[in-house]
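Chains: A, B and C, in written order; residue numbering restarts at 1 for each.
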């Protein structure tokens, strides 16, 4: 079965196809009748008549053959189309039948033309990488450079061999041209130079069994036949414009390009390099001047990639930048709420101070711990040494001054000799402070002067619990002098004291459960006869209570906070400073309770509604 | 990482000292050594207090000299420290002037800090549901309110029941919880001490 | 030797033996044997933030010192400080430790120095990293507030002995929008932490910090030993209460 190989894509087509079904290249030539359109002879395809262009809808593509194919597809190409010297060559490329036509070959006096076509066909059919067409491999290979660009050693050799073969063909042409030089007329020289060149090219190396289609011979036979016909009919040959005629090379291509006569290589017959020897066979894309595919210069990225790249870029740029401190607004909701709370509490505390009305007084039902403490202190005799450990911080003076002042007031009434000590650095000063406060509460005046000593301040006990243990075991050695540097143990009241058990009573005033516990742990084992009473803040009372509730008791009495002070004062029948604190304390406590209830309730509702809205949105 | 060979000597000293004091608590024959080492510990603590004061002053002095942030507060500290020291040294720690400084500066400042703390705690309790919405928060707030009601006196309102309930809460539940926590804290403290005695923890720069 | 002394010695030997046994022979993994405590996750995250986001981590060691009952929490704080210093020392803003007692201050500075020395970065050591901010609880809180108010501080960890003044430090941290997490051995501080802090450590959870933050295997072993002893104590108390109730003892 006869097949037609497209010279451009190399694909097989049916013999009757006019255009290649793959690349739409023209397989059949356009029939040109010089008699009907004599003025087209020698014109370039761009100079075709507009009418013809319009009629055939010729595109302005650089692929003239495709244009020719489109012309064919439109179905209206006349048999006698204008022929010009370029379109002639283009049509030569469109092979219809590659099967050898011995008759045509034999008949044709243009073996060179046949061989030219053979070369083209052979070039189109060649498997060599150097000569293969790019789109041959499009469907087969997807990787690697086009075969036409890859030149292997074999390919180089084969290319070289082919080049040699091509050159041999050209050399034959040259020899033939030299013969043609002896041809007769100048007119034939003009008109026949190209045809002679074609004829010569037909004498190129024969390629296998490719057959030159008969229409190629007809074309070449055309002009000659036309001339013959013209001569027969007495018609004068067509006249080229003088300027075009001037562009014709005066000599053969051998003369022009200096091709030796025995050159047997391939000579280019189409395109701008027509006539040049040793030219690499023009690939259809190059010959056709197909426009290279335009690839975008921008990297194709998705929107997500672009956003991520932007974020990454921002992160990198921010690395070297100084980040300004976040602008904290002067007025925030938190600060406003805090201020509101503070204003309400302060207002609640001040109202009883400035108003004549006070809240109902606290009903003093003294607990057992307070009663026990008052009973113990009531049994203290005159000039009995009582050790008072002042272990609370100055900040808790508001609460513990009131509680301790009530106890000290009772002790002062009893005439006890007070010995102050502290394991706090600020304790000695706090002791002096509480004595002054107690003096203000009652009508007594406890002083510590050279002439009158009613109390003594032993100062600071260093070393924490270890120091307490040392003091409990040997207070004379631990604190030999008082805070002013005077000998502390020469007082007649102090002289009989060797250890902590020699004191009549030990009172510890502390807001801190650790310090309270330290005294219990270090001093209590040595307190066999002397009772231990605690004056504590309300916050640490639950932590000390177990020592009072234990059996045997390690703590014999507890006075706790402002309420304990009120209870103690009521027990001994004396009104202390706690009585003055109580109204403000009560109203402040009430305001705090209301704020917690209202604020907590509002926050709880907000959180619950926010959770509900969140669940609704999630459900939707 | 390189280790200092001197560390092994420090570890040996720490272990030996701790073990000696511990054994001295259990064996009366070693009580003398224990007492001696405790006396040294007391002296070291007192000296450390003095060194701490010097370190504090030096840190704030450096802040002033290097124009660091908040150097104004450092200047106030230095001035206060110097003034108090001079007054106490010149007139005595319990003199009239010293007591004036203590009664009119230290006590009001620390009392006001405690007042701020009270307001903050009320605010924190009010927004506790916002931070932690669970059953334990409800129990916490409820206990706080019940304890406060146990102390309040409101005209025309009988709150004796709340007082008894508060006492019961305090003497039973609070004490029980405290005992449990203190047991755990005690065990943790013993474990921390034992780790130092066996050389597993080296807070002294090992 | 009295019975109490003998019991004490036996108790200490058993406790120490359990710690060594679990550390040497049954190491175990913290992920498998410890329950989840969100506070430690937040602390770990804070350590990570300190390194990656250039934020500062503040560790408050309290004012309890290292002697006595409240010294245990101070030692835990120092262990945490070593762990945090190792992890965050190469941050743009190294961690800072504040304390209210001189011995804690010097030990914290020594811890920083030894960590930097072990990492061959002694030049980075700054004595200001371990600060003594006050000698009394309230003055310590006032000084720590200045540190907490630094906008660069993103995480505040409390590990030591605190009193009620911890509320002031937490208040300042809340206004700075920084994380507050930690615990104390003091019950008043625990109550304030529960009400005010974002991630409080209640009870003796602070003493498990070393195990959760993987300071060293002995911390995890200590936690496991504590659990065993705790169960034994609870059983003993229960048994004693029952026997006492029935008049047997």
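Basically, a residue touches a chain if its C-beta (ideal position, glycine included) is under 8 Å from a C-beta of that chain, and two chains touch if they have at least 3 such contacts.
Keep in mind that this is a model prediction, so the values were computed, not measured.
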Think of each chain as a node with edges to the chains it touches; is that a line, ring, star, complete or other? complete
Which pair, A-B or A-C, has more C-beta contacts? A-B
CA centroids of chain B and chain C: separation to the nearest Å works out as 14
Chain A to chain B, mean C-alpha position gap in Å, rounds to 47
From the mean C-alpha coordinate of chain A to that of chain C, what's the distance rounded to whole Å? 37
In chain B, residues with contacts to at least two other chains: 41, 45, 49, 110, 113-114, 120, 125, 128, 178
Which residue numbers or ranges of chain C touch two or more of the other chains? 65, 67, 69, 135, 138, 164-165, 187
Which parts of chain A, given as residue numbers and ranges, touch two or more other chains? 393-395, 425-426, 463-464, 466, 543
What part of chain A is in contact with chain C in the complex they form? 325-326, 328, 334-335, 393-395, 424-426, 463-466, 512-514, 517-518, 539-540, 543
As the complex stands, chain A meets chain B at residues 337-338, 341-342, 345, 359-363, 367, 393-398, 425-426, 428-429, 432-433, 436, 457, 462-464, 466-467, 469-470, 483-484, 541-543, 545-546, 549, 563, 586, 589-590, 592-593, 595-600, 603-604, 606-608, 611
Chain B contacts chain A in the complex at 38-39, 41-43, 45-46, 49, 92-94, 98-99, 102-103, 106-107, 110-111, 113-114, 118-120, 122-123, 125-130, 133, 141, 144-145, 148-149, 151-155, 167, 170-171, 174-175, 178-179
Given the complex with chain A, which residues does chain C contribute to the contact? 65, 67-70, 135-138, 151, 161, 163-165, 174-177, 186-188
What does chain B use to touch chain C in their complex? 1-4, 22, 25-28, 41, 45, 48-49, 51-53, 55-56, 59, 70, 73, 110, 113-114, 116-117, 120-121, 124-125, 128, 131, 140, 178, 180-198, 200-201, 203-206
